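Comments concern the structure below.
The letters A, B, C, D and E name the chains in turn, as written, and every chain counts its residues from 1.
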């Protein structure tokens, strides 16, 4: 069984878009305030500015069962289903996939009633009877196969459902879809739980651009899309699972985390997703606000360039590992919404070593390690890279700078946006980097992460770590049919990485959503797949 | 011709004007203008004539202010009058024209409207009526194509035209008194006579009283009935124009006439007055002119001229001289 | 004694804005210069246990999110913005005055062209130019100075051109030419002394704007680069802690405001003075 | 031709038009073909209304602006052909006295510095020598040497005009252009300055060009008077002839205007009508015809030539013979 | 007038061509690889497939000579096609158009509000020149100029949205969301307008035509209303136009803080994301708008002030 490991964004391993700066991009929050403001408005009313006609606000719905949620990113890619825009549609309750991952990580039927393994590479999915889109179009195997094939032929298909892994999709009969993978895979049902594989009515694809308005299949239908600002939702009455509790809703895009927190605090929003760590403590103390926190499959780490002196020396790396007080970092920088890292994987992951422990700070040991490493003290001038897309990373880097300074390592900071740092990172010109890394980048299995980051030929092997033994273990895991076998291998690799201080794992991050106390049945989805659900209600 | 018991159009008594509380720019001004009369107020720059003119309609720019004395126009006291009363008098009983006619017109307002403004204010004319009447007035002051000119702007007018417009505007309220402050100084010499002729014509037609302020004595003798000569803030001599021009009694008046008309003194040089005009801030005891006066009685300290302000002496009917040397 | 007090009172009345600005400006400048003496703490020394502490003890203004001393950071943080603003101004004034004065004297097509460029640039917000440059060459001290100077010279060019035109038309310049004075003499003795006061007034008046723009870029994360910090960056950092420790927000904001205001007041004093002497010269009331 | 017989200043057919910005081909025809001479130690009066081109003509004569056409010969040398260095030396010999002395002095310089500047510019001896020269000149113009420590704003107009005259004369010029030197001064001061100029002119053997709009002021000081109207000279004659027997109707109008007290408003008003037209659109034919009581068809069409009608008397009018009455 | 407009149109075209060349060079001046940037925006995989990058490069014509690319690009620009954004792959022109509408609303609201306050305040200060009221107004104006909006905005949000709950904290959906940003944005222009208005009204108060109007019987207030305002407001309009042009793209900080989808924010995010087509389009639009607004201001100035003939050369 999968544990509650979460990923906000399957194809956004850094979760960049959740970070403050980039988020400032183009989100605009439409305003629906139910507060008496008219009197004060009159002060400025004289300007008669509304008559300019330039203000286009979303229509205000007045149903008492209307819920406002704020989310981080507005759609960016014209609702192309292979992009992150699909996640927005899923969170808005508009699209659903064949299968669904529950909040505790289990897989449950959604648009597919059931699925069976037809051959090692083939899975058959039986479509649920009587499902229709909000425009009345019935949902059947043809529609499903067409949509999934569209995904496979996309310019940049999503990793979860790319031609690299999926060979073909076909409708076996009216109600059965067959998906064939390139290699034998047990993960196929997992793959079709991704919002990227969600469905919009065929009419949505009729024009040049994808138009989701009125073409939903989930519990809610999109009434209006106010560009860059909001999605206006209403209940999809013919939803297969029965009508939703809410009559209508609004999904408002506010990229800046503290902006979302503020809207929750002021009551402008009922639900605010993806709260920044620095806001959690403050919001928890608010009377009418409930903060829900869930573990994420994300470890923030100090990546070390294992091929560059003096970091090619394991003793030096271990000294660095010992010098850093990850517990203090978790407490101070993350204010408790993270825990000191016990290795690459969170302690609750089934593939995490049971005996995993955080390395506690030991300055004496660090000094001793430096001394025994034989490294020239003069060479202990290191440059630490940090990117600004995640607001806490520069602070984190500053703390590391101070802590390494205590054992005589002189650290210089280089802080910029990720794009500016990347050329150095890829070419191996850097010393150290603080990186927030999601380790479940496509499916609920760390295989992709380990391959990319810690194999000799890994696509994202920033550490420049190369050990044939580890490569062999990763290979073995990727072809293993048995879960137990795979997980055992992962545990071994994790132990190796931790003990050899290939990377200094700092903290496991958690995700927090907040809602007003009158919101009922809200549950943070660890993978960020759903927000507007059938059961979400307002008291 | 003029009955002496008629209320004078303008009566100024013992008027003092100061900058703030200390510097006196005009002192002890007495002035009287009867109906239909032109009185010229003559003096060089700094003699206080413009300031006196502005004080007559209570438009002294701060920090200048009247510190003593009274002004009455057609029997109505101006000093201490309420703003409403003043606004009813300005433009209605008194019109004023100024030295720089072009800058006296609002650059972004059609001249016809400005001419008709007094009518709108004082005669309750409608906008259209005022404009029609303004065109008539412009025609009256000799502006060709008055209808078109009424619609033009100040910068499209020459100096002479602008002064005609100002005259039309000043006369539109049908005032009893016209104060003309150096009306031709800024104009071309060949236009001067035309403008002065116009004023003279209007005076006759409307039995207007005119207070003509000027430094040009040739204008004075062509226009005025009576002359008042000022020096450094005080009146030094006043009387009928012929008497003053032909037989000035005050040494300053005499010297000024000689200078102005470029009369030659001995040795081929022009007559001139030695020294410079004192600034208002300079305190000169006694007669303000005595340091430059060729006849000052014994220029020594302690003499009368240097210690006591001269009193007025009547040398003939209506001819007053403020000089210790004057003989009645 | 009464003489002295009266003189002082007169100066205060005539130039109180200038003096007020000068006083507070001097205090700010002194604090920034003597930062190492004035602060008990190292601005980068962290103490995670003191995170977000309020004022007290020897941390006069409390601590920031990494437990660093706010007062020390305030003193050191001001240096960057002030230096960038001042440096940009010096460059802008020099370039703008030279170009403007030259255009005013030369006239013709060059003048026409330069003034058109000025027309376009002058309505270009400095922050946008800075953003474009940052996009091209990346953030940093040089980018900031370049960006702010690129637009910053334009108002000075306009002013200097106006003054040059105005002064060239004056009789005393004609007189100097007729008397056979050299161009250099005319420039040094007549043009520059008469242009100095309005230009320096404008320089002071623009300072606040520059300071705020530099801060804005740092606030957006594009100005000063960590680990260095300035008031704008401090504000940006503090924003997420605004509710919990408002002082973190108030202190840098007020620092910017006081600095900008005091220099602006000085400029205004100079401007009033320049205006006064202009009126005196031209005989206006 | 001996240099003694030759006039000091000769201007031939000077033309200067100032193009109006942004209006295509329109131009202010400021000076439109002027020919005149000024002899050594001669004072020529130049009279005309504002905008007639008097000041432009003056500035052309001292090469402060360059003409579009025509030439200026000074002391036998072509001014327009001079090179930079030559021109600067030439500057000494030609000076200008301004209408408003306050504007002609840098408000930020003490008077002594303003006086010193031209001497320094021409390397005239040591500072002490210069000071001595200045003090001597101040004596000539009747200024107390203590006054020069002040700034211009602290002196009266009469004093400043004396300073400006002193500054001009320090370089010992041969030719001085006085651009309305007394029009901003009061009557009592005006006489002083005119007397001073007359006096200095004799003592320094100066040629003067006296510009004025007031004929009366010229009568006292000039040898000859040129009357200018819209960029052209309409009459030029010895000063008494201008007063006694003016031939051009415009001269007579000017005459009358400055002698209002003698002629009377009505008579003066009849001599001229209307106002000076714009120098951008001068009337065809004789420029004066729209305002002239004598104008006929010829005047409207034909530009009258500047005719020599007597020794030293030139007039440009089709009706000069009839206008004597 | 036609001459003037024609000349300005020529200036517009020439300037825009020059600017567009500069804009075109932007990606080459920086070290952004367009093909990489586009792919990165679509695929979050950090290890890019270099073959895919190369293929896209050829498809975009990036392998052509620079000048060839420029003319192709210029041709598209003059047809109003500013290309697709690197990040969203949506037409840049559409996004800019929408953003400019938003920024214009915001800027006009702030500036008109500033004008509405500055005109009476500046006039009163001029009337009370040198007295206490004038001093206070001037001091407050200098204070306004010295307040950084990135400080004021969060403080106002804290006060009016979080503490008092009167106004929305951010967003762009109606009149209420406009109030705080406009208030923050209007302070600085308010200070400038009131100072310019004050100076210009002082000149007007000393103007002879006011004296003349009063001599005709108008009270001070009447004279100011009838003859003063129209003349006094003209310099303010010039400044107004400058501010309008400036704020269309320059209200970056306020737009970012209040999450307003305007030009400033668009440019800011383009910078952050190295979105070159968006930057290029923004430069061109902002320069073009600046010229158009200045021209409009000159025309308006000519309408208000008859002494200025708007001709081929307006100064």
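Keep in mind that, in the parts below, contacts are C-beta pairs under 8 Å (C-beta built on N, C-alpha and C of every residue); 3 or more make two chains touch, one makes a residue touch a chain.
Every value quoted in this text rests on a predicted model; they were computed, and no experiment measured them.
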Partner chains shared by subunit A and subunit C (touch criterion as defined above): E
Topological distance between subunit A and subunit D, in contact steps: 2
Innermost chain, taking as reference the mean of every protein Cα atom displayed: E
Chain pair bearing the highest count of C-beta contacts: A-E
Approximate Å spacing (C-alpha centroids) for the pair subunit C, subunit D: 50
Gap in Å, rounded to a whole number, between the CA centres of subunit E and subunit C: 22
Distance between the centres, which are taken as Cα means, of subunit E and subunit D, whole angstrom: 53
Where subunit B touches two or more other chains at once, by residue number: 61
Per-residue multi-chain contacts in subunit D, two or more chains: none
Residues of subunit C whose C-beta touches two or more other chains: 138, 239, 243, 285
Sites on subunit E touched by subunit A in the complex: 31-32, 37, 39-47, 87-90, 98, 101-102, 104-105, 108-109, 112-113, 116, 157, 161-162, 165-179, 182, 256, 259-261, 265-266, 268-269, 272-274
Contacting residues of subunit C [partner subunit E, same complex]: 17, 116, 119-120, 122-125, 127-128, 131-132, 134-138, 208-209, 212, 215-216, 219-220, 222, 232, 235-236, 239, 242-243, 246, 249-250, 252-253, 256-258, 260-261, 264-265, 268, 284-285
Of all residues in subunit E, those that touch subunit B in their complex: 206-209, 211-219, 226-227, 230-231, 304-307
Residues of subunit C defined as touching subunit A within the complex: 44-46, 48, 51, 65-67, 138-139, 221, 225-227, 237, 239-241, 243-244
List of subunit D residues in touch with subunit C within their complex: 62, 64, 88-89, 91-92, 94-96, 98-100, 102-109, 114, 117-118, 120-122, 153, 164, 167-168, 171
